[in-house]
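Look at the two complexes coming up: chain A is in both, with chain B in one and chain C in the other.
Let's look at the complex of A and B:
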């Protein structure tokens, strides 16, 4: 067992209202510089939709992530033999058009225009060239299903559906969508780190945050091609790649990352997980249907004495283990089995988990009212407005089992709360629902509390950063002990 | 950090260059001053013999008796200037050489000229000088000579001392499919220019031009290679094909086809490369819906 610690995240999709506050918070803090205009370290997508960059999930086009070749994982986009023939041009890079051309408006025209019959307008200009442009795309161009016949219908996750299911999904009064906020997953098996020919990317030992060393990056852009989530971006101004840094300066100061802190729907949870690094390769080589369960098994119980001993051996501070015990992420992922990783089949073992959305998937219109109760307890999982196959392609690696478990439990908890607050449900039915969903009333209350009544302290359990220990690795704090006077370079001495 | 380093380098460069230049100059002068015989063979023997009779230039046997030494030194160091000054003796020589001007020799100095004259004086005393020039047999050329000569020219038969084949730099009416190189002059009429086998053969034994000298200095041709080559040049002088314009066209077309082929090959090799996603998506959505599924 090789115990390591990782700051992990859970996004509760049922709570996301798609307001993009997270994106704006991130943009204002990190990516308002020249060369970063088009970067959205945090972005919110509407599903079904093609996302940003367009159709990033289609790895037959982008070649991101890992593939399994004879039981061994290897990068889809590059490798030892493939880097040299492609040295002058990386063949799998999204173009600016597949992100979008960043723009602003020529506001001075509003003030400088000569008097005339028409209102002056501020025409859009490119933020890269400064020329007038026709805006054709944006980072959330397909927001709220806009442009559906182009974008939503081209969602790569729809490929697993039958023609009939597809037609149903886009039928009038059945049309369904939910929001999918994305940041870097800070994966356990990051393809970006593996692909970098300069060795500029690394996964921080103490908290697993994946970073790009701006002094080592040599603009190969292999990480841009290799990341299946397309969460590394190339800064055309500095000639270096950049990505989400999980606001590590804030985390080290005990604050939640900007996007977490600003989240209006309070959908975001953050906490430490302990995991067994020895099993990464083995798990990444599994077939996608088994991967979610295996990844969950890699996450270790911070109350297990053996795990605690292993953590100590690896230099993980006791306070971090203590923090892992209170981690809301551990509860969502391990204790309750509600949160699932996105697109586990890409093989990077993402450490950002999503609670799959129940609404509007489960509800339906009845007599002009939204209805989510039915005689059949777990009614219509098969007739859900978003087909299960669609959701399981996103969050289940094609395996509906874990997904159904999470949806059922959420449904049962909802009924349990309805019994308490409204009281129009038969207690026996609720009891049966909870039992069938593998959930006790106590657990249901706990889930409810962390979902609906959570404070900052509940949502963000940030471990102490222990920078002093990190610094001790490089510098001896005792170095100047017993040296004399003011100034270490030239202390006072006799005769001078 | 960067700037001081560059400035330092710039300041040092002239010094370094001067040192290198001085070293080169020193090595060059000493090497030539040490062995006038080698110098003669390399510099003079393509046009002159000692006691072998006139070739391109006059026979130099007893040349010091024919003209005073000071004039000779002046002429050797800078023949161009002397010829241009209209010196009567130089004019006479030029006429004898059928207006073939003696070229200026790079790096020739008074000391070198003196050494060469001393060598000529010494060799003139001998019955048989080692600089009698190449002795080519007078037998009539056979067809076999011509065939072998063509082989040597085209590089199908290698030169014994490792010299480069002629076709690398020269062309000759009708040689090869696409003609030879364009660096050196066209050799179709070379036999006519040099009048006879002796002159051409002597020249080939130690080519003196700027490009050929360094190429053949350390890889001289043997006399049994020179003879077939001369035979081939004589043959080509009369039996050659005209260099037609179509040949240039063929070459250009072949080049174009090759480039197109290379582009197609690269396109095939990188067929899985990323092209575009969003634009084709939008374009295909604008198509009638019956085509849409297949297009996306």
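Let's look at the complex of A and C:
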């Protein structure tokens, strides 16, 4: 057992209202520099929809992630053997057109236009060339456009549905969508790290955050092609790749990342998971249907004395283990089995988990009212407005079992709370629902509390970074104390 | 004749002094640039902005240039092997034709790259003056090389017998320019172009050549960096120095 700690995340999709505050918080802090305008380290997609970059989930186009060739796991894009002949031209690199050309408006025209009969207008100009452009795509171009034949029907996850199911899903009465906020998953088996010829990408040993060493990156662009979630971006101006850094400077100071902190729907949870690093390779080589369960089994119980001993041996601070014990992520993923990784079949073992959406998906219209119970307690998942096959393609590795488990439990909890607060349902029915959903009333209340009444401290359990010890590692603390607070930082200047 | 005398001085300057100046500049500036601006070492790829013409320029140019440059280096390091190989006319033809084909690939690719840069507005903000100078110099260099190959046949043989000794005389700090001084003008331009390119190298994007990936093929698939080693820090017997500023990597 090789115990390591990882800062992990849970996004509760039922709570996401699609306001994009997270994206804006991130953009304002990290990506409003030249060359990063098109980057959305955090973005919110409408599902069904094509996402960003367009159709990123379609690995027959983008060649991201891992593939299993005769039991051997290898990169779908350019791994070891294939990088050598392809170093001059990466065959699977997306181009700016797969994202969009960033633009601004020529606002000065509003003031400088000569007097005339027309209202002056501010025409859009490209943020790359400075020329006038016709805007053809932009961030969240298909926002809220589920059901549209132009955008939503191109969602790669719809491929698994039958014609009938598709027609149903797009039927005007059944039309359904939910939001899918995405950041870097800080994977256990990151394809971006494995693909970097320079070794610029790395996973931090202390907390598992995946970063790009800007001074080692040489713009071979392999990471952009290799990441199946398309969460590494190429800065065309500096000639370096960049990605979500999970706001590590904030985390080290005990603050939640900007997107977490600003989340209006409070859908985001962050905490430590301890895991067994020895089993990464083995789990990554499993068939996708078994991967979710195996990944869950890799996550270790921070109350197990064996695990605590292993953590100590590996130099993990007791305060980190303590933090893992209070981790909301551990509860959602391990204790309750409610949170699932996105697209586990890509093989990167993402450490960002999603509580699958229940409400818009499961409820149906009855007499003009949204109704979520029927004679059949769980009112037949086959009646779900979004076919389970669609959701399980996103969150179940094609396996509906774990997805149904999470949805049933959520529904049972909802009924349990309805009994508590409104009292218009039969207690026996609720009891049966809870039993069938593998949930106790106590657990249901706990889930309810962490879902609905959660405070900052409940949602973000950030382990102390122990900067005092970190500094001691590098140099004499006294000397460090005398030398901070004054000096020069060099900006990221493009080479010639 | 004063004219001849002047040319002799010029020859000494261009073939005896320029090489040392170029090499010195190359060494000092590349090292200095790496130390003070390591961030600027990048291939500065523009594939992301223009992904179609990129293939047709980049691939032939790089493969062509690598083979031709490799040939020059082999001829410089082990001239006898080339002479031995060329001992048989059939083999000489094969070598010459192969070299010419790859040189043509390189120049076709380079022209395609120049056209791409001119034609694509999106590449304007990532094209500097030094890029244009570099493209021009490479164009001159490859064009004169092809010119030499076509007009003065069997260059692979006479390179080994005239230019190798010259280059070695430079290496041994005993420059002997008698061989070079007698060469035709086109060849001279090609040689001077080479020294100018070397001198200009550290000021351009050419530095990416020095940072081509080296350990990728044999390093571990995943990279983990530990910024501080907690096992050591909690060991009271280790001294501050032993706890090490060097991050642990595995």
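What we mean here is this: the second predicted complex is superposed on the first by the 465 of 496 C-alpha atoms of A that agree within 3 Å, B and C clash if a C-alpha of one lies under 4 Å from a C-alpha of the other, contacts with A are read in each partner's own complex, and residues count from 1 in each chain.
By our rule, contacts are C-beta pairs under 8 Å (C-beta built on N, C-alpha and C of every residue); 3 or more make two chains touch, one makes a residue touch a chain.
What you see is a predicted model; the values in this text were computed from it and never measured.
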Q.
I'd like to know which partner A:80 touches here: chain B for first, chain C for second, both or neither.
A. second
Q) Touching A:193 in the superposition: chain B (first), chain C (second), both, neither? A) second
Q) Who does A:327 touch here: chain B (first), chain C (second), both, or neither? A) neither
Q.
I'd like to know which partner A:95 touches here: chain B for first, chain C for second, both or neither.
A. both
(Q) Tell me which touches more residues of chain A here: chain C or chain B. (A) C
Q | Contacts of A:314 with chain B and chain C, given as first, second, both or neither | A | second
Q.
Per the contact definition in the header, classify A:220: touching chain B only (first), chain C only (second), both, or neither.
A. second
Q) Where does A:61 make contact in the superposed view: on chain B (first), on chain C (second), on both, or on neither? A) first
Q. Which of the two partners, first being chain B and second being chain C, lies in contact with A:53: first, second, both, or neither?
A. first
Q) First (chain B), second (chain C), both or neither: which does A:404 touch? A) neither
Q: List the residues of chain A that touch chain B in one complex and chain C in the other.
A: 93-95, 97
Q | chain A-facing residues of chain C, complex | A | 37-51, 54-55, 58-59, 61-63, 121-122, 124-126, 128, 130-131, 203-205, 207-208, 211-213, 215-217, 219, 221-234, 240, 243-245, 248-249
Q. Chain C touches which residues of chain A in the complex?
A. 80, 83-84, 87-90, 93-97, 128-131, 189-190, 193-194, 196-199, 201-206, 214-215, 217-221, 224, 234, 236-240, 280, 314-317, 469-470, 472-476, 490, 492-496
Q: Show which residues of chain B lie in contact with chain A when the two form their complex.
A: 270, 272-274, 276-279, 281-282, 285, 296
Q: Can you check the complex and tell me which residues of chain A touch chain B?
A: 50, 53-55, 58, 61-63, 91-95, 97-98, 136-137, 149-151, 153-154
